[in-house]
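Written below as structure tokens is the structure these notes are about.
Which chain is which? They are A, B, C, D and E, in the order written, and residues in each are numbered from 1.
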């Protein structure tokens, strides 16, 4: 039973991690409507900048502003130099442009930091485990991620749905000219929002440092998963992205934890393990396919 | 307040405006008439900065705004009700109204949500509905309300009553009349000549991108022969 | 027009072109069609008027099969079309224009019509013969353009048309499907005065060949064209009758026309 | 218009150049150019196939690597059964005859495209992008875990498929075979994109609602287009497996779908030869830059970025904007 | 003699770029230590990045061979690039020495007389880990590896030599970033030992999370070299202390060749030394031996092959020879992570696990 609870907790935690990664993307892709394949690269920039500063200064705390600032600056610069010219154009041009940015970012990081993954220490005070339930120890760092993830979710939700900035961004994504003709400097607004999305990606990157490998190309690994989250939840919906993250997290974890066991009841061991792993790798894609076939716009968008 | 002269504008290589003249005084209501495709909307877009004119002069309150960005034109106090109902489809009715609301010129009797709802009660019944699912007429009301919420000095209405039921249309005319009474300057594009004659101070007719006629309502009646030739009345 | 369209009225003299019974459609809490009964007789122009948001467009979308009604039946020339897809309804002779124009922006004016002709001919799974060399198709398309006054604009890209011209093209495309029942959603909106008059003339010319359901807020046009008028308010038909009956109906005056001069 | 008579001249010039390429390459000592050109031809077919749905039909598929990969695997699997002399599923004998494997690849990829298309065409927009991606990724994972066919390590095809009367071990022969297939493919595609069917397809891209309102059922047309396009990619995959003498899950990975898309956009979306040019530019740049510097991705990235920012409509657009051609 | 060209096709971009980089730099080091010569013959090394794409690997080979006349190749890191490229190289009569990837399909029936491997056959890595876990007296083991060919090879290799029971077997994903679900299962199964194969970045992630989950203190781990190379060790830092690894080479090997190599590396590069570098270095030495024996004449392929087969060089690993399928026959050692003198963790050799070990596929190879 404890194991089951632990696994569910793992699922939730993984879900929140996914959301933390997807949060910036929801903003940029879901709401601004820009297909930004280089989102993962900004995540990488955040991870590198934060990690390097944290290692050099020996303080995890100093890493946070470094990661946020670097990611936001790089993001805003990217918007200013490249993305800005592409809003009016086809989505496909955005694909090509941001694809080239991935190549550029990866190479630039390689040139500056080399090819080896970086060393990141878990901050001292978060390195232990906490007993969340009797007999259930849980890594403190992961609990910290949950807290940060929830805070980001709430903040974003409020920003997008309760503030004028959120409305304007959504308005601008469908009719830029009209927003401008009503007196709003959309270009500045978009640079700021893009920077904010980048900042969230940077935060996610830095937070991920202690549990993942900080290396070149780390962004592409998460990119597709985060797109899946956004689409399953319903493009443009923060709430959707949040619940989709949790759902995917739990289902993914449950598949990994229990599917091979279930299959082993009906087949011989090794085949069951391999098949189970195979199916669980397909897990999120399968889930997305099913969701989209039943609700073509995603889970949290009204049907019509 | 607004003075347009010698305006020339093109879409890519095809020139549409050749010589448009237009003047709107403080508190004046002026119409722009002409058949379909003669360049009325193009004129409006050029004024708004949504198109970059090739030549000519656009003075708003004495300042040259030719080539200025749309946002800066809007901030100086031009409010646009565009042709073809350009609501923000993913926003709710209320959000459409408040998203761009502003009172940059510090009006004391500024437009508020309540006043707009009062003007268009139907909108108040649809506050949280997403604008994409409004009926055509409801969208038109929304767009008008949205422009009012920016409290403009000059309001430009490009076919603002298109697709509205006669009652509503009458209400909108009433509203425009009231606005006029408050001293609001308005540029009207519409085909409802009889009302326009009553409401507006002066009229301009564009034909193939050129201002070919201008004058007050009385002159319009006087030149009815000529006018007929231009706009088929 | 074509032979089919000409024969249609006689053939179906007894059966109405369109018969709607008990149509219901709601969006969440909002009832957009509230037990609508409506009949369009062969060859007549039946105007549907009503305040904004009354459910006129919603009704047309249900007739075309773009929206599925919650209840009720629709018959065209005596046959139920409830189970048919939009495409099959067009084959049965229905066509619509869109209030908010819906055209193919990257095609020329001519191609917009030509595509409709091609679909009507039904030879679209042809992968080999170049379509551009199909003179017959071009010529046919051009006849519809001539009919709607767009002949001179045939080579213009639709994206470059003015708003009013697009409305005219809407009609040309609908005509190209050779409909027997035309559903017109505010064809005059956005047209200039001269063009409106032209449009009225044209619709009048089609009368007796094609039955029409005309949704329009331009009362001059409605009174000039309609044989009968139905008034839709809040999803419900509140009155139905001839032009004069409707013009004088007090309910209609308060709900729709407003007091005083109906001309504006 | 200059266009109308310039175009056939340019095409013939291109064809002559392509025919002469191996001999010229050999004479000038750049033999590898022939293999490079072979890859360009093959990717050109794949990109043009993708473009048929993407550019003409407006269906942004992010899963076309699935068809490319399956085409490759059909060749690989048939070869493996041929080499081991045990029939597939105990029924279908393996083969190394190209005249059988290519049609087989077309058939299988067509069936796969029908299945994937039937499911994914129920959605649209971004959802379509993601669902095609998802279905293709599932296939990728399937092949990764198929140990019989090499799993992640892939299938090595020791000998290129045979064609009667030709020495398929010769690089030039393979090149000419690919060239012949490419020419045939583009000739067909040329007719196709000017046909009534394409007229409908392009209409659907612009507005499905309008097309339905004139009496067309969009789904069928889109599905047929999707199948045609999938078969084109399958053909390319089969040729690639023959050329590389290797098939691996790498051919099915989403990054491959991404590459195809990049080629299409780079060359010019919705143009007949744009994707071919895009494939050529992409492949040539990649190998040229890589032979100069290990940081070639930086160069490639910058060049691609400049292309998007400063040419509207890809490389093809640059050509058509050259003076005298308008 | 004339300058001999050696073509190196390797992976320099992406997350796995450090593998190719180390192979390249190890190889280069061997050349630099001999004034740009191998076996007394001047050598030009041409390096090109395959970007981990099989098609590119093949293209690079074609270009190097036909345009630059290269006949000796090396460098490929990954099995899938090798699969597309190596058959072509050897079929065309050129030579290939693998400094890393050695998939089973090229080791058994698919072996070739011009194909040599100086690293290991994939399975051997894990066989030694299985052997060592047995030697340490563990009774039941929990095994984890990614669900792909190399991962399956790893688990079957381990099981082939592990005499205890398998407490649990999990296949993870190649793109996995979160191992919490698996770690919970490991904890619940309470095995004596964990064996896991997660190379490169995956390994870093796995080990970090293993430590954070508090498992590092309670359940020991036995690994094969790829799961804890010098770079991974540096990236996870102190939390690696206590892990045991089996490998064919370690930087502290006490032989002249190795000492020389390690010293030269430290001199030349400011980054951790990995076994990939040692394999690149050995690949260079192997070519050097044959070049020396033939005096730089690579046109006589038979003679060149004969001298390669002799493996007449002093490997940094100590004893080294080629088996019948031209894969290594070598010793495997147990290593343990300990704090070094300067306080940073380092791998320390603690004993021999297998000696003169060949691979399971050699018998299938017919040349």
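As a convention for this text, contacts are C-beta pairs under 8 Å (C-beta built on N, C-alpha and C of every residue); 3 or more make two chains touch, one makes a residue touch a chain.
Since we're looking at a predicted model, the values are computed, not measured.
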| item | value |
| --- | --- |
| Each chain counted as touching chain B and chain C at once | none |
| A-B compared against D-E, more contacting pairs | D-E |
| Longest centre-to-centre distance from chain B, chain (CA-based) | E |
| Centroid-based (C-alpha) most distant chain relative to chain A | C |
| Chain centre separation in whole Å, for chain C relative to chain A (CA means) | 48 |
| Distance between the centres, which are taken as Cα means, of chain D and chain A, whole angstrom | 32 |
| Centre-to-centre distance between chain E and chain C (centres being mean Cα positions), rounded to whole Å | 74 |
| Where chain E touches two or more other chains, by residue | 12-13, 147, 152, 174 |
| Multi-partner residues of chain B (each touching 2 or more other chains) | 133 |
| Sequence positions of chain C contacting 2 or more other chains | 27 |
| Set of all touching chain pairs, with the criterion as stated earlier | A-B, A-D, A-E, B-C, C-D, D-E |
| Of chain E, residues touching chain A in the complex | 12-15, 17-18, 21, 147, 152, 169-175, 177-178, 180-182, 184-185, 188, 200-205, 208-209, 212-214, 231-232, 234-237, 271-272 |
| Residue ranges of chain C touching chain B (in the complex, touch as defined) | 27, 49-57, 99-101, 160-165, 168, 186, 189-197, 217, 219, 255-258, 260, 262-264 |
| In the complex with chain E, residue positions of chain A that touch it | 3, 6-7, 10-11, 13-14, 17, 106-107, 110, 114-122, 127-129, 137, 139, 141-142, 208, 210-218, 221-222, 253-254, 256-257, 260, 269-270, 273-274, 276-278, 280-281 |
| Complex interface listing, chain C residues touching chain D | 64, 66, 85-87, 89-91, 95-96, 98, 102-107, 111, 114-116, 118-120, 123-132, 134, 173-174, 176-177 |
| Interfacial residue positions of chain E with respect to chain D in the complex | 12-13, 47-49, 51, 53-56, 58-60, 62-67, 79-80, 83-84, 87-88, 103-106, 110, 147-150, 152, 174 |
